[in-house]
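For reference, the structures are reproduced in the following blocks.
Below are two complexes that have chain A in common, paired first with chain B and then with chain C.
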Partner chain A sequence: MTHDEIQALILSAIELTNQSREDLEQVPVSPDTALFGAQGHLDSMGLVALLIDIEDMLQDQDIHISLSDERAMSAANSPFKNVASLVAHISHLLERE
Partner chain B sequence: MQHILVTGASRGLGLSIVQHLLAKGNVVIGCARSKGELKHENYHHFEADVANEEQVQELFIKIRKTFKYIDVLINNAGVARMNAFALTPFKNMRETIDVNYAGTFMCSQKAISLLRKSANPRIINMSTVAVPMNLQGEAAYAASKSAVESLTRIIAKELSSFNITCNAIGPSPIATDLIRGVSDDKIARLVEQQSIQKMAQPEDVLNLVDFFIQPQSKMITGQVIYLGGIS
Partner chain C sequence: MTVQFLLDKMSEFSTQEAVAVGSNIITYGELLEKYHDWLNWIYSENIKPGEVVSIKSDYSADSISLFLALTQNRNIIVPLSNDSKAHFETFCDIAQNQYDIILSDDDSQLTKTGNQAEHPLYKVLREKDRPGLVLFSSGSTGKSKAIFHDLSQLLNKFTVPRKMMRTLAFLQFDHIGGVNTLLYTLANGGTAVVPSKRTPESVCEALEKHRVEVLPTSPTFINLLLLSGAADHADLSSLKLITYGTETMPDSTLAAITARFPETKLLQTYGLSEVGILRSKSRDSQSLWVKVGGAEFETKIVDGRLWIKSESAMLGYLNAPSPFDQEGFLDTGDQVEQDGEWLKILGRQSEIINVGGEKVYPAEVESVVLEMPGVEDAAVYSSPHAITGMIVAIEVKLNTDETLSEFKVRLRLHCAGRLPAYKVPKKITLIDSYTHNARFKRMRKRS
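Moving on to the complex of A and B:
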């Protein structure tokens, strides 16, 4: 998958997540969106829900990777900090496959 | 009709659970290290070792492709080897933790996305009265199940936003393969410590399975229920 394809998939997953969130809790569907941690729009369970949706979408394309990461809750270098870091994380995992 | 995944499905209590759930009209997906010998139109068997991360991953990929979702995960797969703490080989302790705790951990984690698609998603784990009774000779087994109990309570909190409940059943002694090597005297002494001084039957566990699965149990999570009046 290319960088743009991964980014598009993440943005689709955010749209899906927004369907089950209140109006005031909508996550901006943008490549610049902060996801988790400082200024992040998601709490830990919101993040889990988003990551499960992304894993599901990847599995629909027969791509079976786990997005779990020991740095998940790290304030400094979580791969889930924002859309850009998540794109890089998934891209890295796909390269290792 | 629900889709129910039972690990450790080929014998003992797991097989009883499978047969019970099939009789109630459910689709049952069983997994075990051995081949499944049960033949039933609604029974689907997969060979997998729950202590093996790759095999668990493969198992859930197959289940997702075939069934799309599951309503209930019953983490029944388990091993028990009684031995004095001082004489327990490290390898046996490791295997006990890997199957009983790590297996439950991995299957529960992989099941989240399939359970989210259910209206009444449930995880049921298996513990034992050996945990509250701190039974001698069960250092590895009881500790592994103690970890399962902690996992049960934490999953209950973390997955409540997905409406997934997570509970555990703690059977008192039942005549299954798991206690085959335990002497009659020892079993009798254990049963004497229970409020209800009788051996349990598989039906007593099935009753709790039914209780946790039913839609009315949606507010019951993070609980460990022991048989026989142990607390």
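Moving on to the complex of A and C:
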């Protein structure tokens, strides 16, 4: 998957999340969106749900990876900080596959 | 206590219907006749008291009378119904059956296995010269345990006369609930009605045809009954009481069944294969609060968990260490909430999902999801997750054409406001088949 494909997939997962979020809690569908941590739009439960949605979407393309393994959790720079870091994280995981 | 008091009762009721299997009705007189035939057969085959005998059969006049004859002969009985067909070999191996009897419609087949049944618990019972019963747990929380009862102790409970009732035999005699239904019925001159199949349609047909008064069943079956609409095509006006047990009742299912059968009383039963079925009383039909006990039972609550002591408790497991504490109480593994003498069963301690330190009981989540239109069945389980330790995962059977994404949105919207975020299922899987086992108990996945 290319960088752009991964980013598109994350953005469509955010759109899916937004469908069940209230108006005031909408997550901006943008490559610059902060996800988790400082200024993040998601709490831990929201993050877990988003990651699983992305995993499910990858599974539809026959890609079976877990986005939240031990290594991701202990990384110095959280891969869940924003859309860009999540794209990099997924792209890294796919390379390792 | 031998089976004699039951035989005396049965001859009192000799012209009354004892068992109805499909359209075949057997009176107490006929059952007694068969009992004597089987007893003579046992003598002629030289099956000795204390020997371990498995019966492979579902409920029938023959299996019931053979069961009674083996009880009279003080055998250790291992009833094996077709519910557990896949495990026959394992179960026989654990029980060390010395004889195996396969009953089919007009035929019986006896095999001497050559097994030596020398379990220390067997010896204890043989010294007392009493009949025994081996039941197997469903294995929903690991491997099946072999539960060994002093059958005369179980029978003792039924010497107190109670109401004569026409009862559906929902569970077979290899389940404590099935044994309880059978013995209660025989001891009180009632009629046990065995449906030809355990589908909602078959059960409703049997309820109508035999004017059944009591339906002992499980929340899962009640859910299916409502979904199938089978009750709408049958005259179920004879039904006075529906009892449910074996698993936690979702609030949504209870509300739906009381609305559908406003004239019928709902009673939650509580029992375990290890201690038998306790006498119980629901606060009212809409309530999940229940009072459990009865003369031979003592209960205590330790750390929110229910412990039970009973005279009719099993002697022990054949394949696991004794679970009794020093005072003879058994840990049920069920977490309960307490309000005076009333209890609310929350669920199995072992099934609690710990989401980042918060506790979630599968039943409360299932209850909310089952409220959704299009959801036929739902089973919640825990799935490990690096962020919160565990997450709530759910398998759902839908009767809609929704995609996973479409259903996710609908589920989240439905759960918002009904459940805190940590209880809302995160991992969702759509499945094609129902989640229950042969006894209509919801089988939750284990991660």
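Structure notes:
Everything that follows uses one rule, which is that the second predicted complex is superposed on the first by the 89 of 97 C-alpha atoms of A that agree within 3 Å, B and C clash if a C-alpha of one lies under 4 Å from a C-alpha of the other, contacts with A are read in each partner's own complex, and residues count from 1 in each chain.
In this text, a contact is a pair of C-beta atoms (placed from the backbone, for glycine too) under 8 Å apart; a residue touches a chain by one contact, two chains touch by 3 or more.
Bear in mind that the values here come from a model prediction, so they are computed numbers and not experimental data.
When both complexes are superposed on chain A, chain B and chain C end up clashing with one another. Look at A:I52: by the touch rule set out above, it reaches both chain B and chain C. In the superposition on chain A, A:H64 makes contact with chain B only, not with chain C. Of the two partners chain B and chain C, more residues of chain A are touched by C.
After superposition on chain A, the chain C segment that clashes with chain B is 364-372; the remaining candidates among 58-66, 202-210 or 364-372 show no clashing C-alpha atoms.
In the superposition on the C-alpha atoms of chain A, the part of chain A touched by chain B in one complex and by chain C in the other spans residues 45, 48-49, 52, 56, 66, 68. Within the complex formed with chain B, the chain A residues making contact are 45, 48-49, 52, 55-56, 59, 64, 66, 68.
Here chain A touches chain C in the complex through residues 16, 19-20, 43-49, 51-53, 56, 66, 68-70, 72-73, going by the rule given at the top.
The touching residues of chain B, when paired with chain A in their complex, are 57, 61, 64, 109, 112-113, 116, 158, 161-162. On the chain C side of its complex with chain A, the touching residues are 356, 385-388, 391, 404-405, 408-409, 412-413, 416, 421-422, 424, 426-427.
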